[in-house]
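Let me begin by presenting the structure, written as structure tokens, before commenting on it.
By written order: A, B, C and D. Residues from 1 in each chain.
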Amino acid sequence: MSKTERVGVSLDKKLLSMFDMLIRKQGYSNRSEAIRDLIRNRLSQEELTSPTSQAIAGVFLVYDHHVTRLSQNLVDLQHYYLLQVIASTHVHLDHHNCLEVIILKGKVKEIEKLGNNIASLKGVKLSRINIMTTGEHLA
Amino acid sequence: MSKTERVGVSLDKKLLSMFDMLIRKQGYSNRSEAIRDLIRNRLSQEELTSPTSQAIAGVFLVYDHHVTRLSQNLVDLQHYYLLQVIASTHVHLDHHNCLEVIILKGKVKEIEKLGNNIASLKGVKLSRINIMTTGEHLA
Amino acid sequence: MSKTERVGVSLDKKLLSMFDMLIRKQGYSNRSEAIRDLIRNRLSQEELTSPTSQAIAGVFLVYDHHVTRLSQNLVDLQHYYLLQVIASTHVHLDHHNCLEVIILKGKVKEIEKLGNNIASLKGVKLSRINIMTTGEHLA
Amino acid sequence: MSKTERVGVSLDKKLLSMFDMLIRKQGYSNRSEAIRDLIRNRLSQEELTSPTSQAIAGVFLVYDHHVTRLSQNLVDLQHYYLLQVIASTHVHLDHHNCLEVIILKGKVKEIEKLGNNIASLKGVKLSRINIMTTGEHLA
């Protein structure tokens, strides 16, 4: 387990009391944890601006499962890109619509390209990609 | 199956040719489909601004599975909110870190509250919520 | 001038060294200032989720100044909403296009409504609204 | 003035009626204009993903004008980057806080770098950058 360091931060009293109020509402038990989360988020956000960063993503698709060929096209796309599909979950939304959540790993730019191409598939009504860093650097 | 209507749109030739270039790059086979997607996205975006809209969400958590009590706290939270958990997928990222993707249904405001509370759990390093409309109105 | 308080934060050494690298790249001279900025941003973001918060916004419009009535419609809209226009800057982009940046104060929800209505004005090609908190609570 | 072309789009009746309702609420007088705006936004968004695209931006700063050297540092930064400052507007928010909106032109990546560096200046409490395409390609 890695070592921790104690850092001192000067904060205006009013700013601090507003922050304390917010994190209590969110459920944090202490300030250190809340500040660590702000730092991790900032670092993660920074990492994702680099097109070659390794990332993990969830691709969300709402699609009409009556449209033939879509499943095949999805599989083809996943093979075309240099991405590693880890898992995929299928949810039945209503008589026409399915939600598919595909969890994959790969470079930021490959994931973004895949996202554009999936959106254009016939039968896909809505699509969204949620990219995150893998967290391995974020102790 | 619902009926379709043919709508005429006047577009500047230069704007049209730029749009054609973009959608070819994205993989669309025709303009109608690309324009339908723009419209669906706009409507979906609008629907999500209302706190009481029914939505579907993916909650992404990167967390340290060595931290005890986290799994129990996650389950408790899911019961506290008026949300219906549909599925959840667990991915082993490395020796310390796991990714958990929880797919759930509920009102926009309940989902957002849950998101804030999950971020604050001890052991959660990164969290993100991806909210989408259920697509049932989007033919 | 308000009082400051010294707060101690425990940070993993690796996380801390990554943060130090990032803030040096961004030009921060010390950690306290960087952490204060993260806190202020988080508080500001939270404040803007409330529709009745007082905010300051920049409305950006790219429009074709050959389209008559647009200036008049803009003025009408600004009077219709309960917003206080503080300043507006007009920039000549090219033969057809102007940029207008309108700085105004008002409630978040009023600003958002204005934004939607301005986007729909004939002649407006692009529009964007940048909302910020007024900063008065952020010491 | 450039030529327009009439394009036919097939739309599901239910989708169309929802879209009509939305654009009426937003104030559009006809569908063509609303669809043109969706297309322009999509193209603009695409253009901004390229780091070398020419863009126009509004840099928003809330800062404490009692902090000396800030104005000088701002001017230095503006000269350091290959950006062309077009105009800047100063607004007095309260006894301590000023808002400065700097409108500038330049490449997307230069604008983003400037944004990070401005955020780190001593005295700057909040900062945001609003980037837009210049609209010259968007007829």
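By our rule, contacts are C-beta pairs under 8 Å (C-beta built on N, C-alpha and C of every residue); 3 or more make two chains touch, one makes a residue touch a chain.
Note that the structure is predicted; figures quoted are calculated from it, not measured.
One finds 25 Å separating the Cα centroids of chain A and chain D. The residues of chain C that reach two or more other chains are 40, 138, listed in rising order.
Chain contact topology: the protein chains form a single closed ring, every chain touching exactly two others.
The complete set of chain-chain contacts reads A-B, A-C, B-D, C-D. Contact residues of chain A toward chain B in the complex are 23, 25-29, 33-34, 37, 40-41, 44, 56, 58, 60, 62, 86-87, 89, 91, 93-94, 97, 99, 101, 103, 116-117, 119-122, 124-126, 128, 130, 132-136, 138. Chain C meets chain A in the complex at residues 2-16, 18-19, 22, 31-32, 35-36, 38-40, 42-43, 46, 137-139.
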